[in-house]
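Consider the two complexes below, in which chain A is the common component and chain B and chain C are the respective partners.
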Partner chain A sequence: MDEVHTTKVVLLGRTGSGKTSLIVRYISSVFSENVKPTIGAAFSKKTVQLIHGEERKQVVLAIWDTAGDERYESMAPLYYRNSSAAIICFDLADRQSYNKVDFWVKELVEKVEQNCKLYICGTKTDLLAEYGGPLKRAVGPTEVMAYAKKLNAKFVETSSKSNYGIDDLFKLVAADFAGFTLCEAPPIEDSLRLQEPNQTDVNEKSSCCF
Partner chain B sequence: MSDDDSDRDDSIDSEQMKTDRYGFQGGSQLENCSDDTVVGRVGMRRERKWVSMTNDLKSWKRWMRWRHKKVIERCRKGIPSSVRGKAWQFLSGSYEIQKKHEGEFDKLLSQKVDESVMRDIKKDIGRAFPYHEMFSKNGGPGQRELLRILQAYSVHNPSIGYCQAMAPIGALLLMHMTTEDAFWCFVTVCEKYLSGFFSPGLEAIQLEGQVFYALLQRHAPADKLNIEPLMFMTEWYMCAFARTLPWSLVLRVWDLLFIENVKIIHKVAIATIKLTFDSKEKLDSSSSMHDTLRRLKNLPAEIFVNNALLREANDISITDKDLEREYKAIQNSETTIN
Partner chain C sequence: QRNKIRLINEALETDPVDIRSLRQFALSADGFVNNEIRRKVWPKLINANTWKYHDETSTDVVNLYKSHKDWMQVVLDVDRCGSRLPPGIRASKRRNLQRQLLNVIMCVISSNSNLHYYQGFHDVCLTLILSVGETAALALANKLARNHLRDFMESDMINTKNILELINPIIIMENLQLFQALQESNVGNVFAISWLITWFAHDFEDPAISYRLYDFFLAHHPLMPVYTAAAMVLRRSEEILESERDIGFLHALLRRLPQDVPVEALIEESMALCQKYSPTQLTKWVKTVNYRGQ
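On to the complex of A and B.
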């Protein structure tokens, strides 16, 4: 019998930063251009199996999606309390969206009592010119990385449309929680993908609601 | 509980695009089964009654004044779709408000709008009902008119501005009336029926959460719910179920919203909990918080069969006095804590 651990993960970020799309892609493996804005919050879960040599662990990710509309901020503590990981999303092509990241970081640092690991997630790489998209990066990767380093946070980039980096992100969250070391995230200039070491095998089964 | 992971809301089969009787082409609110719309002689009789009631404002006022109970009874049976738009305008009083403010809508639209509000609105108009034929096309007439309603409202009431739950409501009204009619009806919804729900801080919705919990304890065994209501009820209340239920049922709930106000939302919410966690077996399978949330998101189809949910809701008695008592009790407990 594998050891089973459950951990709460919350997604935060400005409206339209792609939180719901990220979760829908991860849980249901689909992408839709027009995802309805989240009202209040939504919950889903997925089980990640981590195998590292002899050691096996199952991590159940209890994922809370939150509303990006600033109006819901007063209710946010209800959804992020007791989280052991927070994924703070921003749209890579939208400076305003990035500016909101710091708001959530400060809020979590101030209000979450236990150790909550921070992940800063730049979304929608498919829209960037360097990936053949129409838009320019609104914020340079060096700036985000310096910021993330200061916070001891991890920085990843994803695209829900092209399914880029998403499984890796949640694997990383699960592995960090279980105390497994996946191959450290390589510097973003080298590769935006997280490399998975050969000896660590990750299987997933999922279940979703919301 | 199966570990099936499909997100029903986002499935659309573009090759076999069908449009249901309400204009939905996909998504979770597409009506696959036959609904309970009354047709034939009974349907025509009901329609005639409603046409006569809503013929002009004078006769409507007579009905509301002298035969109010009859109007409620008729709302409970469902307003025929052909007169629904007009009936909602009469019930909400928006028809009269609009008459008093002729030309105001255009004036509001000519005024300057807060830039960030406008940006948020534009981001959302395509996301209100992405699978409805009126609103699915980017830049199409449905999205344009919805934009006008939300823009005008943000100027009309800048202290509220725009909140994300508003777009589905504006869209719902636009499916039944012209833009200007829908705007004034929207004003009454925001200010009379879902009053305070969209204000910054969302205190009203948090208060309703407490009221709902108290009412639930009166009307259904409390041990059935192992989670904080705000974990699931926010969307139910803020959109008055417009994003939650099968569409034929959404319309029936809205027929009653205009006459029962927030009471109908409480009733439907309680009935949903009651029916979803009805039997011992269902209760056991929802022992964890996660399972409870999952069940409440993917509501079991059987609670809609033969209009079970609405019948259950209508059997629940909640009066204005009951609500007042709950509001007071909450206020008192808060002052004690403070």
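On to the complex of A and C.
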């Protein structure tokens, strides 16, 4: 029997930063341009299988999606309390969205007692010129990486539309929680691109881990 | 139905309008029957006078809107309302509805500087626009924002949370075992927040259900959505009692409304609860409430 562990993961970030789309893509493998704003909070769950040599673990991710509307900020503690991981999202093409990241980081550092790992997630890569989209990056990747490194956070980039980096992000969260290290794990500086768009699954790339 | 339409029209033509009869019609099957009648009846129910609104083509108005602190949030929510528009709608029609929605919301919040926009107010405004058209929707939205939805438009969430609390005493009185199960799971009542602040419009996919509920809510006490929320939880008691007492699981279960709910029965149940436990009684039970509605 595999060991089964459950862990609470919370998504935070400015309104419209793509939190709900990220989860919908991860859980249901679909993308819609018309995702309704999240009122209050939403919950979903998914099991990740981890294999490391002889050792096997199952991690159940209990994922809380929160409202980005600032009015709901006072409710956020309900969802980040007891979380082992917080994924703070920002729209890569929106500076204001990035500016909100620091607000959440400070809130978590100040108020969360347990060890909560931080993941800073730049969303909507499909909109960026370098991926063929119409928009420019609002913040340089080195700035985000430096910021993440200072916090001992991990920085990843995703696109819910083109399904880029999303499974990897949650596998990373599960592996960190289970104390598994990705072999050939990229250092933070390189973790920017866990997976190139349209490439094969990370399972095959780092088969000894997952 | 034809008979009902005739009776509704008669009540409308009485001088003054026979509100008491209209309130009764909101309770019987199909409510105000169709959107053409709703356009006439709804404003009467809450005394929403047709309201002169801003000319959104004027530069001054555009600047006024754009300088509003909630402008960006409203634009974003209007952009994302696609899933609530009729399926297969033409792009030009869609743009037109979104323009109307933006204008109705901005007109209300920029004319009432003490009110704060919340995500979900756009669901209310869109439901009104889709059912009774832009002009009546604006008058209704303005009146609702100042009265029925006033507590949700504070700068903070304190009153919203207090109103959510009102669901609890109803469940305690009706089904203590169910309440204990909910308590055990720590699920709280955030799952019901969109029900109350959008009058369920955010949650039901079929707009006909929302129109029917709006018939009911506009005709009765501003706290009626609280009773409907309680009725909704109570009618799912078996499902809840059988499920695991897990906060996430229950939150997700409760938040996902049964889309095939028999709406007439739900309305009857809500009304019965309201008669059993009056709004005054409820607010007395939950002492912290500082309710400012009509």
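FYI, the second predicted complex is superposed on the first by the 183 of 210 C-alpha atoms of A that agree within 3 Å, B and C clash if a C-alpha of one lies under 4 Å from a C-alpha of the other, contacts with A are read in each partner's own complex, and residues count from 1 in each chain.
FYI, contacts are C-beta pairs under 8 Å (C-beta built on N, C-alpha and C of every residue); 3 or more make two chains touch, one makes a residue touch a chain.
Note that the structure is a prediction, hence the values are computed from the model and not measured.
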Superposition on chain A - do chain B and chain C clash or fit: clash
Touching partner for A:Pro37 - first (chain B), second (chain C), both, neither: both
Which of chain B and chain C A:Asp69 touches, first, second, both or neither: both
First, second, both or neither for A:Leu78, with chain B first and chain C second: both
Superposition-derived comparison: chain B or chain C, residues of chain A touched: B
Partner chain in contact with A:Lys45 - chain B first, chain C second, else both or neither: both
First (chain B), second (chain C), both or neither touched by A:Val24: first
Partner chain(s) touched by A:Gly16 [first = chain B, second = chain C, both, neither]: both
Contact residues common to both interfaces of chain A (with chain B and with chain C): 15-16, 32-37, 39-43, 45, 62, 67, 69, 71-72, 74-75, 78
Chain A partner contacts - residues on chain B that touch it in the complex: 1-7, 9-12, 120, 123-124, 126-128, 130, 136, 163-165, 167-168, 198, 200-203, 206, 228, 230-235, 238-239, 243, 290, 293-298
Of all residues in chain A, those that touch chain B in their complex: 15-16, 24, 27-28, 30, 32-37, 39-43, 45-46, 62, 67-72, 74-75, 78-79, 205-210
Of chain A, residues touching chain C in the complex: 15-16, 32-37, 39-45, 62, 64, 67, 69, 71-72, 74-75, 78
Interface residues, chain C side, partner chain A - complex: 73, 76-77, 80-84, 116, 118-120, 156-157, 188, 190-191, 193-194, 197-198, 202, 247-249, 251-252, 255
